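Everything below concerns the one structure shown next.
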Amino acid sequence: MTVIKVLQKPKLKNPILIVGLPGIGNIGRVGVGYLIDELKAKKFAELYSEHFFPFVILEENHEVKLLKNYLHYWKAKAKGRDLIFLTGDCQSQSSEGHYHMVETVLDFAKKLGVNDVITIGGLATGEVEEKPVVYGTLSEASLEKKYGKYKIDFGVHKKVGYIVGAAGLMLGLGRERGMKGICLLGETSGFPIVTDPKAAGAVLDVLLKIIGIKVNMKELDSRVKEMESFIKRIEGLQKKAVMEIVKDSKAPAKKDELRYIG
Amino acid sequence: MTVIKVLQKPKLKNPILIVGLPGIGNIGRVGVGYLIDELKAKKFAELYSEHFFPFVILEENHEVKLLKNYLHYWKAKAKGRDLIFLTGDCQSQSSEGHYHMVETVLDFAKKLGVNDVITIGGLATGEVEEKPVVYGTLSEASLEKKYGKYKIDFGVHKKVGYIVGAAGLMLGLGRERGMKGICLLGETSGFPIVTDPKAAGAVLDVLLKIIGIKVNMKELDSRVKEMESFIKRIEGLQKKAVMEIVKDSKAPAKKDELRYIG
Amino acid sequence: MTVIKVLQKPKLKNPILIVGLPGIGNIGRVGVGYLIDELKAKKFAELYSEHFFPFVILEENHEVKLLKNYLHYWKAKAKGRDLIFLTGDCQSQSSEGHYHMVETVLDFAKKLGVNDVITIGGLATGEVEEKPVVYGTLSEASLEKKYGKYKIDFGVHKKVGYIVGAAGLMLGLGRERGMKGICLLGETSGFPIVTDPKAAGAVLDVLLKIIGIKVNMKELDSRVKEMESFIKRIEGLQKKAVMEIVKDSKAPAKKDELRYIG
Amino acid sequence: MTVIKVLQKPKLKNPILIVGLPGIGNIGRVGVGYLIDELKAKKFAELYSEHFFPFVILEENHEVKLLKNYLHYWKAKAKGRDLIFLTGDCQSQSSEGHYHMVETVLDFAKKLGVNDVITIGGLATGEVEEKPVVYGTLSEASLEKKYGKYKIDFGVHKKVGYIVGAAGLMLGLGRERGMKGICLLGETSGFPIVTDPKAAGAVLDVLLKIIGIKVNMKELDSRVKEMESFIKRIEGLQKKAVMEIVKDSKAPAKKDELRYIG
C-alpha cells in the first residue's frame, strides 16, 4: 500500500527528476526544499505509504500530519528543461520499503517523461569542513563525459562503499528503466541531528550549474534554519519511536513458545 | 489478510465513527465500551487480522477467543446523527499492520456513509491528575471553529510530538478520503496497566457534548472495573507473548550464515 | 507462497480434522504421528511455505528434506466418521505466517467436508506429572455438552491465558468458517527438548474415546522414542538457526543510516 | 518484487542449472565465476529483488551498482548438454526472500528446460584442510547411483544438520518441480571473509567430471584473488549495513507505546 495522490497533471518538457529526501546532514532535504521555495515550484502529487512510521505528527496549527513525500514541478522559462522535485518527511523504514518506494516513484516519473535523475545526499566525514567537497557517482560510467566539466569529485568510492536508501536506489533502479542519473553528495560532518546548510549550498552550486538555472542563494542559511526545526522534530520523533517500539516479534521460536503452551 | 465479517447491514443516517481501541490508560477502549453498553449499541461487524498476535485467549466459559475488533452502531432517536463505534481487543502489532487496519476500517466506514471521525486516546503525563485535561488535535485546522466551543485544550503538540497507531492514523488517512476528524486525548498518568476511569470520564463528558447525547455516567467506575480485568488480561498476555517470542529471525546475515554451511 | 501439493483426492465421509504439530512436549506431533502409523493412514497432501525456516534438513539417506506439513486420511471401517490428520516438521516462524498457514489448511479442509477440528498440544507445568491431566478448551462453550462426558479438565484458563500458534488458531479461525473444535492439552513438564510420551498417551486415550476408535497403545513408548530423534534434530536445528540468523535488519533508522551516507 | 530481466533468449539443449552464490568460503561464487570466465559463458538474464539489501555499491569506474544475481549460459560443443550458471552479488536477506528467490529462479529455469540442478557451497570445519573433501547431498536418494562414481563423500549429514539458503532450497524446492539435483560442498575452514580457492578447486574437479567438461584450472588461484576483492567488499558492506541498520521496529508493543500516547 503505497499511494501517489495526484493533485494536478502537469505537461512537462523533458523533465529532470531531482530527489532530496531526509538523510545525512539533511543536505538533499533542505537543498531541494530551498529550490522549491525559490523557484516557486508547484506541488502536484503526494505520496504516503505503509512503509513509513505508523504515526502522525502533531502540528502547531492543531492538525495531525500524515508522513508524506511530495512531488513539485517547475516549468522552465524558455527552451530549458522542466524540473520535478521529490522531497518529503521521511524515507521508508524497511528494506523492502526502500525498493517499493523508489520503484513506485520511478514508474510514476517515467510516465511523466523523466529520463534523467539527480539525487542529493550527504557524505559523512566526521569533521567540520570549511569548504565542503561535492562528490558524485553515476548510474553509468559513460555519463562522466557529461558531468565531468562540473566541480564534482568522482572519487567517492574511495571514501565509502555504498549508498543506503533512495539516493542510491533511484540511480540503480532508474538505470533498469533506461534512466540516466547522478548522485551528488555534499561533504558534511555527519552528526545526525545537524542540518548542514554549507554542504547543501555547495551541492546546490553544482546542481544549479548542471540544470542551468540561477537562484538567489542569499536566503539559504535562514531558510535552512526554518526548515531545520521541522526536520529535527520528525527526526527526533522517529528516533524516539524506534526506541519505544519493541523489536519485531514476528518469529515465535519453537523453543520459547514451547515453554508455555501450544 | 484482514477480514471484516459483516453480521448485519444497518442503514445509517450521516453516521459519525467513534474509535476507542486499547492504548494508554485504555481511555478509548473503556470510554467507547461504556457508551456501547449504555446506549445498547448493536454489534454489526467483526474484524480479525494476521496483523494481530498469533494466539487465542482462553476464556472463563471454556471457549477460545480470537483477537478481534468490533463495530457497533447506534441509531439516533429523532433527527440526530447515527453513531458507529470501533473498539476491540488489540491494535496491530506491526507498522504496516497499523496502516492496513486503519485503511480497511476507513474504506468500510466510507461505504456506510461516514464523513466524520472521532478517536479517543490517552496522553501520559507521568502524574496522577485530579482533574484530567482533555486534549484535542484535528484532521484539519479549520475544524477548530467547530470544536473550539468545547472544553478541549488544543495545545497537545507542546506536550507530545506524535500519536502512534490507530487514534492518529484514523485522522491522517481519513483526511485522504475526505473525512474530517478530531482526536480526544485524556490526560492520564500513563502507567500502562492502570485503566483510568477518571480520564475516560473526562473525555466522555466532552464527547457526549460534541455528539449531543446524554448518557448516565454513574456506572462508569464500576463498569470500567469490570472491563478492566479482561483488558488487563489481554494486555498481560501480549506483554508475555512479546517477551516469549524470539526477535524476528528473517535476516540471515551472510557473515553468520557462512559460519555453518551453504 | 504457501503450497498445498495434493497427491490424492480422497472422498471422505464427514471427516474430523485432527491436528498435531510440533509444540510443547511435542505431544500433538507424536500423538498424531502414532495414530497415523497405527491406523496406517494414507498421506494425500503435503504443504510447504515461505513461512517456514529457509533451510533444508540433511537426512541419513543422503537426501535433503524440505520442511513440510503433511495431511493423511483414514477411512472408517463401517458407519464411523473418516479422519484427516495434520502433522509436520514445524510451525510457521512469523506471526502472519501462523494466520496464513492455519487459514490455508482450514480452507482446504473445508472443501474436503471438515466441520469438526480436534487439536492437540501440551501445557507446561514445570513439573514431572505421574498421571498427566488432559485439559480442554472449546471453539464455543456449547460444545461442553458434547465433550463433557470425557475425562477432560476444562479449567485450563486458570493455568494459562492463551494458546500460541496453530493449536489455538485452528479453533478460533475455524469457528469463523462454521467449524466446531476442541483443543486437548496434555499436562507436561515443558522442558522444551523432552518429548513426553506419557502426556501424549493420556491425550490419545481421551482422543480415541472421542473419535470412538481403538488403537493398540503398546508401541507408543518405543515409537515415540523413534520419532523423537528426528523431532529433536529439527528442533535443535531451528534453535541453532534462530541463533545464527542475525536479528531482522529491515528498519534502517534515520539516525544510524545518516552516520554513513545517503 | 523480484525482477528477472531477460537480455537474450537462448535455445538450450537439456540444460543443467549450476548454482554458485555467495556463501561460506565463497566456494560456489568463485567456482562458478571461474567456470563462466573460462567457458566464456554468455550472460542472458539479470535478477534483482526487494529481498536484497537496500543499497547500491560504489564502483571504481564511478558507477553505482545495484545488487544482482546473474544467469549465464554455455552451449556444449557437440552432443553434450548445455549449461546455465546462476551466480551473483548476494543472497536474500530474509527468510521469505530465500523461498521467493529460489522459486523465481526455478520457475524461470523450468521454462528453459532445466531438469537437473547442481548447487555449490562450502562446509565449515574450522580447520585449514590440506586436501579438502567434497561432500555431497542429493535431492533424492536414488541419485546416489548416478553420483556415486565420483569422489563425493555423502556423509555430510554427520557433520552438519542443514543447509541454509539457496544451495539447499534449490534442491528441496526443485524436487517439488520434478527436478533432480546434487549439492556439492567443499570442505573449508569457514572463516567468513576468507575465500577458499583450494576448496573451490576441489569442488570444480568433481563438478567438471560430472558435467564431462575439461577446463584449464591453472588460472583459478589468480582469478579467485581478483574476484575476492570485489566479493570481500560487498561482504564487508553488508556486514557494515547489518550493523548500522537498527533492528526491525515493526512491532509497537502495547506496553511501550502506551507510555506515550494513543
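By letter and in written order, the chains are A, B, C and D; residue numbering begins at 1 in each of them.
Here, contacts are C-beta pairs under 8 Å (C-beta built on N, C-alpha and C of every residue); 3 or more make two chains touch, one makes a residue touch a chain.
Because the structure is predicted, anything quoted here is derived from the model rather than measured.
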Copies chain C and chain B - interface residue numbers shared by over half, same or different: different
Identity of the chain that, by mean CA position, is farthest from chain A: C
Rigid-body rotation angle, chain B and chain A, from Cα fit (steps of 5°): 90
CA centroid of chain A to CA centroid of chain D, Å: 34
In chain B, residues with contacts to at least two other chains: 54, 93-98, 160, 162-165, 168, 240-242, 244-253, 255-257, 259-260
Chain B residues within the chain A interface of the complex: 54, 92-100, 103, 136-141, 144, 154, 156-157, 160-165, 168-169, 171-173, 175-176, 183, 240-242, 244-250
Contact set on chain A toward chain B in their complex: 1, 3, 5, 48-51, 53-66, 93-94, 233, 236-237, 240-241, 244, 246-253, 255-257, 259-260
